[in-house]
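I'd like to ask some things about the structure below.
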Amino acid sequence: MRTIGVLTSGGDAPGMNAAIRAVVRTAIENNMHVLGVNNGFEGLMMGDVVEMNLRSVSNIINRGGTILHSARSEGFKTEAGQKKAADMCKALGIEGLIVIGGDGSFRGAQALAKQGIVCVGIPGTIDNDIACTDNTIGFDTAINTVMEMVDKVRDTTESHSRCSVIEVMGRGAGYIALYSGIATGATIILVPEVSYDFDKDVVDVMKRTVATGKRHFVVILAEGCGDAEKMAKKIEEQTGIETRATILGHVQRGGSPTVRDRVLASRMGNYATRILRYDNKSCVVAEKAGTIVDYPIDIALEMKKELDIDMYRMAHEISI
Amino acid sequence: MRTIGVLTSGGDAPGMNAAIRAVVRTAIENNMHVLGVNNGFEGLMMGDVVEMNLRSVSNIINRGGTILHSARSEGFKTEAGQKKAADMCKALGIEGLIVIGGDGSFRGAQALAKQGIVCVGIPGTIDNDIACTDNTIGFDTAINTVMEMVDKVRDTTESHSRCSVIEVMGRGAGYIALYSGIATGATIILVPEVSYDFDKDVVDVMKRTVATGKRHFVVILAEGCGDAEKMAKKIEEQTGIETRATILGHVQRGGSPTVRDRVLASRMGNYATRILRYDNKSCVVAEKAGTIVDYPIDIALEMKKELDIDMYRMAHEISI
Amino acid sequence: MRTIGVLTSGGDAPGMNAAIRAVVRTAIENNMHVLGVNNGFEGLMMGDVVEMNLRSVSNIINRGGTILHSARSEGFKTEAGQKKAADMCKALGIEGLIVIGGDGSFRGAQALAKQGIVCVGIPGTIDNDIACTDNTIGFDTAINTVMEMVDKVRDTTESHSRCSVIEVMGRGAGYIALYSGIATGATIILVPEVSYDFDKDVVDVMKRTVATGKRHFVVILAEGCGDAEKMAKKIEEQTGIETRATILGHVQRGGSPTVRDRVLASRMGNYATRILRYDNKSCVVAEKAGTIVDYPIDIALEMKKELDIDMYRMAHEISI
Amino acid sequence: MRTIGVLTSGGDAPGMNAAIRAVVRTAIENNMHVLGVNNGFEGLMMGDVVEMNLRSVSNIINRGGTILHSARSEGFKTEAGQKKAADMCKALGIEGLIVIGGDGSFRGAQALAKQGIVCVGIPGTIDNDIACTDNTIGFDTAINTVMEMVDKVRDTTESHSRCSVIEVMGRGAGYIALYSGIATGATIILVPEVSYDFDKDVVDVMKRTVATGKRHFVVILAEGCGDAEKMAKKIEEQTGIETRATILGHVQRGGSPTVRDRVLASRMGNYATRILRYDNKSCVVAEKAGTIVDYPIDIALEMKKELDIDMYRMAHEISI
């Protein structure tokens, strides 16, 4: 393989730039050219690319977001769009493509692979909701960002002897809620993977904790588990404790990546590029038990991820 | 004076603990006893106090919130409540009281002073909306917290070539919006002190900036200037740029204080305690041009604070 | 088991407080008493203990250091000292003891186990140099602290087109150097596990990188790999590039723990306490492939840890 | 004036980029061209310049260091060099020059003004040692960086009941030491402006503090006040308290600037550019009592700065 492309797709995540950097550096060290594709699959269809050199990726390892930008593409969802993108790859000499993103982006890679372009997916999303990998690029940064914000909310929650209901990202996945909830000593953590009974799992737990002398409370609510404002109102009504809602929002997507995300992104970018160079196969790169491995795209997309229920149990055992 | 009290009242602010520490240390160094009053004026009426020593305030200078807690008090708003508090002071031997809080707290101090308790106010609020002082305790921390969050939102705003409307605290005062807006290079800053025309000051400015090649935008909106969600929708409709709203919320109130807030709090706490010890007069402590000074409470409460309009103009001159 | 003790020993590490909190909460939830032992084994010999309750460990999950303090103990290194400590345990009713620390601390636990006190070790040290576990408590925080400091040094290194030699902790282990080196895009990383040739691995690499257009350089040096000042001088002499040394020092040991450290500490503290309650056996707790497991102390102490040489190779492939 | 230049000189400081951005944006808004000069006066002599546009300074407000780089110049210290630089300005059409740096840089500006180039100085240095201004660009960031590092050292200092001697920057000026010392509750602060007696001001103070029950100590030492390692040894010998030295080093120069530094830099850059456009005079820009003002370069260079001795006294009154 002589020329490869790299793009970021879907929601951005801290560490994507570190992955781009690793791809570019590894490719050049292994005598390949790299084209950076702007704006994801949309830019690929348009041929919006730029030749990357060793210095194009200087000083980006510490920056959040993605220097290649990301965009939704309605056109690429159609087979005509996918064919157009594959034709553009051929016109530009792109023999292999690295796609950094989530499951939706991997489905795009799968479609493109069917059109004859070798594609390697790298899991980049803050939600950690990709089944084949233990960790996605961006997750570690996001949970630390959430933790720092909850630590700050807790100052004012404690000063005023209040309860704070804090909504974090994760429509279908409770990883951000679970990790940030344990890390901030939340009294209650609600995740989409585990159904809950408001009276038993929220009100009764708070009342039991009040009895131990605790006067301030943090409830962490994953996005997919209900409305923070409504829950705050209900908690105040049923416990008599003044309760406020906070929705952390898009702050969670940005920021300079943590060590774990920079290292994971570097390893995955290096591994993915070597696959294109030496194995010439389509796949998704993943981290399992600390090692970087790969799965066929079809298999990666069929896997199911489950929350660690033992960690969830533990969280509540020590939150009293 | 042999015994003084100290309390925090109203919304908490980072640096209040540094002020409490300075009060306790200065009092003991100058041969006075200090009683820490829990839960503001409500706790004062109830006699909820604890004797403080040099070690009671160890390791709190770096902590957000207030170790003395804060609470609203309906009872203290009545003259009966104020008399009760004054009687409690006399019963406990409290000859002078230091009140850390905002204008509402100073009105409480004013009322108590009329009941014969010498009261010194220290301006502690993140909003910087106290007229007699250049800076309030907590403001510097809050603007840095806002800046860090906006810097993170900007990563994702830039990656997706979007506009972000970010609502910051400040119902009646635009200081947080102005400082954080300048610091984050916001394209548009909206504050309650300056009226604006949506078409001219938002839409036209964004269109003009687009023409210079800029593809991502941050709009900082003070709480008192409209609804962030509605504004985001209107901007998207009228400019065609994808726009998202973020409300930063209570995160802004917490966190470990900055150097400026710790130093300001230390100076004000030291100064206020020395006034009780050596001048025995009721007043509000303030920072003017880098120096700590004091004003009679009545005068402090009558002063009006204005936003620096030249800074506001400058902000927009360099934001294009 | 009705009563257990918990102590921290050796160098402190961020997350030790989160582990103490998990031990106390889990013990009380499982109907045991917990005595907090101050100052490690020295305090144990002296009977310097305090009964812990649910609120003793409130608001410590986010604090660096250890509320139980740590100290060296010459006395405990002797068999007489160990017997004294075991007798004190019996006098105080301590049937099982949780020891949070490094290999040295586990040797203490091993000695105490021989005296009839069931001991469970929890790996807490920033160096990540404990063989039986993938991660130690404190490592993740330390590498992020190092990364943030190197990111700052890099600003000034870049502005002045210099080289910075930065010495990080790790006398016998290169984990901190390797992870922080990858995360900061260091041109050269030197670790005790891999011998290096100064001319070939430092000077030649820098010269080769200069040829690609790079003008500023970061060299990360683990403590055990030489003297930063001397190396800076040699680099300047042989490359002609202005070079400065920075020794990061004790800043690396402190700070509020990251999510990973708080979660790891919570899981290990919970697991260790349950072992005392339900399994009544001496062991060392460890994290393997994301799961918490345990090893007999003798076996844990005999294991050898190796640096991931593939990561080390990768680091240099993408650092050019 | 139609064309101006801007350069950064001397040690870099966080906020220099924010100043460059304000200069470029203000110049273009006021119909002037701006040439960015690389590597300070050295680059000016060589004609190493680049035309700046509105987008050249996008996304730099939050970055430490200086995008224009800085370098020492032996050549420019001679009159021949100064004439060469002035001739280059004329050849490039640079009618006015903005020089961001410290006193040494202003002496360069003074020399250049004598050669007929209108020069405006902006005070940028972390040391805050420029007499005409209350604050220099970079000082606020540096003191917050120091504070965060000392807060981390304090965790381990406290866990081990030690004393830490921490050396901070400031060869001739104690501002960094004074502000960071107050902010971290240092027991002792040593600055070059105030002579000290080791026995009385260090040993006796520590012994007196031990008597109040304090077991861990932080001593902040400005660079110009002695050797941290030697002092640590002496303290340990004379007090019996285990003492460690930490030298914070170049980490203090970098990092993303605080709000205060970004705002100050923006205001000064805007003001300086307007002086070139509308007043056409050489001067140094300064902040006095919150307002931006200017002084003739000669006068600015003759002014003397004194440490606030009352703050120094206060620091020790509350540090016990």
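So that you can tell them apart, the chains are marked A, B, C and D in the order they are listed, and the count of residues begins at 1 in each.
Criterion: contacts are C-beta pairs under 8 Å (C-beta built on N, C-alpha and C of every residue); 3 or more make two chains touch, one makes a residue touch a chain.
Please read all numbers here as calculations on a predicted model, not as lab measurements.
Within the contact network of the assembly, the step distance from chain B to chain C comes to 2. When chain centres are defined as mean Cα coordinates, B lies farthest from chain C.
Between chain A and chain C the centroid-to-centroid distance comes to 28 Å (mean Cα coordinates, whole Å). Chain A and chain D have CA centres that are 39 Å apart.
Averaged C-alpha coordinates put the centre of chain C at 35 Å from the centre of chain D.
In chain D, the residues touching two or more other chains are 151, 158. Touching chain pairs in this entry, ordered by label, are A-B, A-C, B-D, C-D.
Interface of chain B with chain D (complex): residues 21-22, 25-26, 28-29, 54-55, 58-59, 61-62, 134, 140, 143-144, 147, 151, 158, 179-180, 182-185, 212-214, 256, 258-260, 262-263, 266-267, 269-270, 288-290, 311, 314-315, 317-320. Those residues of chain C lying in contact with chain D across their complex are 8, 11-12, 14, 16, 63-66, 69-71, 145, 149, 151-161, 164, 244, 246-255.
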